[in-house]
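Shown below is the structure under consideration.
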Amino acid sequence: MSATRAALPPKEQLDEPGGRPVDRRGGSTLLRHLAVVLAAGLLLVAVSYSVEPFRNFQLATVAAYLCATAGLTVLTGLNGQLSLGHGALMATGAYTVALCQTAFADRGMTGGWLLPLSLGAAIVSTVAVGAVVGVAAARLRGPYLAGVTLAVAVVVPALAVTFDGVFNGEQGLSVPVEPPPLSLGPYFPYERWQLWVTGAATLLALLLLANLIRSRYGRTFRAVRDDEVAARLAGIHVARTQVLAFVVSAATAGLGGALLAVLAQSVSPGAFSLTLSLFLLMAVVIGGLGRLTGALWGAVLLVALPDLTHSVTEMLTLSPAVAQRLEGNLPLAIFGLTLIVVMIAAPGGVQGLLSRLGRALLARRPTRRS
Amino acid sequence: MTATDLLVVRGLVAGYGAAPVLRAIDLTVPAGTIAAVVGANGAGKTTLLRALSGMIRPAAGQVLLAGEDLRGTPVEQLVRRGMAHVPEGRGVISELTVDENLRLGGLWRRDRADAGRALDEVYQLFEPLARRRRHLGHQLSGGERQMLALGRALVGRPRLLLLDEPSLGLAPRVVARTMALLRQLRDRTGLTVLLVEQNVRSALAVADQGVVMSLGRVVIAAPAVQLRDDVDLRHAYLGF
Amino acid sequence: MHRKAHRGLAIASTLALLITAAGCSGDDGPGSGGASVPGVTDTEIVVGTHMPLTGPASAGYSKIAPATKAYFDYVNANGGVHGRKITYKIMDDGYNPANTQQVVRQLVLQDKVFAVLNGLGTPTHTGVLDFLKSNRVPDLFVASGSRSWDQPDKYPGTFGFNPDYTVEGKILANYAKANLAGQKVCFLGQDDDFGRDSLAGVEKVLGAGAVAVKQTYVTSNTNVAPQIGAFKAAGCQVVVLATVPGFTALSVGTAARLGFKPQWLVSNVGADHPTLAKQLGAAAPLLEGMVGTNYLPMQNDTANPWIQLFTKVNKEHNGDAPFDGNTVYGMSVGYLFVQVLLAAGKDLTREKVLDAVQKGGYQGPGLVPLRFSATDHSGYGGQRLSRVSGGVQTYFGPAYETDEADGAVNEYTATPAAPPANGVPTVS
Amino acid sequence: MDRFVFLTVDGLSRGAVYAAFALALVLIWRAARVVNFAQGAMAVAAAYVAYTVSTATGSYWLGFVVAIVAGLLLGALVDRVVMRHVDHASPLNPVIVALGLVLLIQAVLGMVYGSEFRPAEAPFSRSALTVGGVAVLSPYDLFVFATIGVVVSGLAWMFARTPVGLRMRAAAFAPEVSRLLGVNVGGMLTLGWALASGVGALAAMLVLPTELGLHPHAMDLVFVSAFTAAVVGGLDSPPGAVVGGLVVGLLLSYVSGYAGSDLTPLAVLVLLLAVLLVRPGGLFAPVAARRV
């Protein structure tokens, strides 16, 4: 059934007001995506001027995580492959950026083009790692894939320690990053610059992902997810599709990790633990699996969580003995509980909930008109 | 309803999701008889059986088994009321052995001794199963699976047997044997059978009553002999 | 889902931005508010810290910040510092450097803390050094013995607190050299700066090559039987441990299991007897004879006036939490910070606080001197040895001081200071 | 040779625990098609209950029994209160819910017991007995082997020979047919969760004395090893879980002993890849692999 579905235009495309099917060719899709990205970019710049530096930094972190969650949602949501090891892919990108930036700094090289170069290198190295894992992953299904990716996630600290001459063990590396260019003025807030850099990289990545999803490749991703046998009968090379999905996902995860390293100006295995991998997965599912908007909600959640957690405990005035026990734990308990309740009450995640709401509102309009 | 009507269905409405597949089914099966439900693909025959055994919850209507309303009875309790349902594809659990499959049919019974006797009787009834006790379900042939499914239902000594497409995918010889066995069980033990079949000829050959379904309704319920022999009826409802 | 998805994406991004941006006053561009000092008003000083309160690394450490806070509350109850009350914001980073980035930025950029105090952990705190420097936030008394904090030229606002691991290694090795001469010395260390610096200290005193077997462990592998087995096979008689408490207990327990009974010389990090005994439970007697180091009063020394003070504070302001070395540590940090605030004077600025720390000469609960000066930003410069005997950990011998270079290990003989009568330091 | 024997015994002793824990994962996977990521946290919770009882009464064995009972109850509770209501349409949903449970359980344990390590007592000496000059087994190792041997063979007997075992297997393989045959499938599912959680609690009680001690996160690493073991053996196969557990235990011990402890995660990854690339359904995957 998926093969037929893949061949047809997406259903919603026909649901234009008035029921006129609209012809959409690749070109116009690209243009529309470009417009959305440009608008988002402008909005981001505007926001970066209107909020405090800390919010700028938080937004920059959201952008970095968004890269990773968007890639993961493409892999898991659209292609049906479960990965518990995206933290390790992020680490690959992060360490690459750290090594590149350090190498540049050691050689006394400066210039605005160095950072994009390092980020590019990060993507390339993660793609290489992702291809290797992807080839193995294409043979595996469900929990077996989960098992292998879990092992990949756990291997990061081990590698960092084993090759501590390069990666400096559990302590990690620092990432030298140049200050904002002087042309922006001498007092340009560093956090705003960070938001610009990560925002630009992330929007670019999202643009590419959005186009990919709408393209023939995106359709084959979904076809393979829905029914491998049918996809194979429809002439889709299943294994190749799965490896491609993994590689794409790895590339964005690598970029996300690299951006995170640039933001933190340091890399260490502790920042890319198994917990991160699991949180990424939770984020995309809670946000709404298989949708880039869901990935956005997930990324927001990843950043807002520690912040929220702190506010929760600060709101309460407790005796020191009680506070000491609740501090840190109470927010996690609340988060865990929320996770369970949301998954039971709204399995489509935040975006699923919003879509349902939106549909309910939209559903009224045409009837009124006709 | 007479005292001898084992199964009485009144105004049964059921389906999947919002669209009902069954629209107000009325049906009566007297005790000790075989009723054959026939009809085209998609007429709702399998849905009828699933609604009777509670695997889908009816939206409206009543199902009485020996005068007892079955509404709200959980599926796993129906077997205790004397109803056995052999589902389409027969439901042999392929990871279990023949013996385990059969024993499963009588596990719910309090009377362990009689459950054991029933098991022995089934092995006598189906010789090939006795020879393949330790084989796994997926190692059996289609005919053997048929025997196993039927035998497993009989271990529970049901009053009413619901059979979904027992002839599906089987050689004519095996089908004939199955039908003969049903008749034999009816005559010997007073078993009541509600049979859903595509294979109209064989079904009507064995049945006492023929029920023709179309688009979720019973269009005619008549003695099987009448359906079999009345050419006009056959043409009108069964297309042969 | 095409068009809708994209409209959705745009709406969602906008919403997300607005939500994240909500609650910002957004009025402070760069350069504004030059007159006021961040985190300081006439009645309040806000300082913050990052600590692992949750997660696997939180054991023990999660008690430090509450103890510091309790001491501040005690000071606040006694009138505060120059009329200002100290508010201590404790942020949980779960020992995850990525979280540390977030919470420290939140402290500095959003909560506008005056200083970051006692941030814990080498990998965690390393990542925020540059950020704190570029925002000119005093970064006082980092809770780790890494030598990274002592870089006055590169990080003028960062100061350590713990004696560094090399100093500690030297003092432990000095004990071995003086009292266990001729015995075979081996070493187990954590696979990071902690283990490496400590080993460097040991080898500075005993000489390179004098350590017969060197083993490392990673915190993600709780099986140390292979390492301990190697010590046993090599016939080690003295084992120096640069381990966190969990792994000290694990090593001692594993050795007993293998029938291996060396003399243990344990880093201050992993030598707190109550913590170890609690973890070992019925096997606690295995700790008999263990030699450890410390530089603060022993928590069980009820005759010590500092312990009496801290016990009182713990009762009154910390919910009478179990009193151990971490409590003493946390309160000692609080005491030192109050001393520094007093010395910085009534017109508090960040520069004045840094000057006050560099001026040095602070006398507190410590058994050894604090080394602070314009050129030295490392914390305590020595340790005293302790031994577990009859289930009680007590100090023995003199306190020692040394440097992280090749200087000799010297006895430090000055008598420790007594706490002020009301437990709150006064301007000296 | 001495060292080899030591590493082998040590590896088998840990491997036995991994085997039990992996078996618990397999039980739930077979019954509910859920990889129970919360199993480590649930087991630790049961161990904390045991700790409370043991400290209050001074009896290790009372705590031991209470831990298993607590594990059984907790498993049933998780099924009835949480997992039963999760939409299993996407296999990810139960995984995320399980991760939510991990956060919740660990946080609650942290609140109640604090984040300090608590001692996990061993009921027998952990010092190895020597046979012919070679340190072989400690009484505790023997206790571990015996307990896990009893549990594994007990479970095997239950599943193969008892009516309730037959019902549980039937309910797992063919829930719908089983209901038609009078099997209370919901009840069997709850029983499966309870048993698995009970076995998990037992494994925690056995492994914690060899670890750092009792801590909300104490089973995190054990979970990773056990999950690896279950995957290596094949998630549908209880014997696979046992073999997988022993293999992983031995591997970790040899690698730590001969190559260095920091290399163990790498070795685990290599093992997983080597096994799964040859047999994508694990060592003991059924020949006619069912589509999952």
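The chains carry the letters A, B, C and D, assigned in the order they are written, with residues numbered from 1 in each.
Convention: contacts are C-beta pairs under 8 Å (C-beta built on N, C-alpha and C of every residue); 3 or more make two chains touch, one makes a residue touch a chain.
Remember, predicted model here, so these are calculated numbers, not experimental data.
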Using the touch definition from the top, list the chains contacting both chain A and chain C. D
The chain pair joined by the most C-beta contacts is A-C
Here the gap between chain C and chain D, centre to centre from mean Cα coordinates and rounded to Å, is 37
Dist(centroid_CA(chain B), centroid_CA(chain D)) in Å evaluates to 43
Which integer distance in Å separates the CA centroid of chain A from that of chain D? 33
Can you compute the centre-to-centre distance for chain B and chain C, using the mean CA position of each chain? Integer Å is fine. 76
Mind pulling the residue numbers of chain B that touch at least two other chains? none
Can you list every residue of chain D that touches 2 or more other chains, as numbers and ranges? 107, 110, 114, 260, 262, 264-265
Shared-interface residues of chain A (touching two or more other chains) are 154, 157-158, 161, 324, 328-329, 332
Which word fits how the chains touch one another: line, ring, star, complete or other? other
Please give all chain pairs that are in touch with each other. A-C, A-D, B-D, C-D
Listed in rising order, chain C residues that touch chain D in their complex are 53-56, 58-60, 62-63, 191, 216-218, 220-227, 229, 233, 245-247, 249-250, 253, 256-259, 275, 278-283
Footprint of chain D on chain A - complex, ascending: 76, 82, 136, 139-144, 146-148, 150-152, 154-155, 157-159, 161-162, 274, 278, 281-282, 285-286, 289, 324-326, 328-333, 335-340, 343-344, 347
Counting only contacts in the complex, chain A reaches chain C at residues 10-13, 24, 29, 32-33, 36, 39-40, 43-44, 47, 50-55, 57-59, 61-62, 154, 157-158, 161, 164, 169-172, 174, 187, 189-191, 210, 214, 260, 263-266, 268, 270-273, 275-276, 291-293, 296-297, 300, 303-304, 306-307, 309-310, 319-324, 327-329, 332, 351, 354-355, 358
Residues of chain B touching chain D in their complex? 53, 55, 74-80, 84-85, 87, 91, 93-96, 100, 103-105, 107-108, 138, 152, 156
Which residues of chain D touch chain B in the complex? 163, 166-167, 169-170, 173-174, 176-185, 286, 288
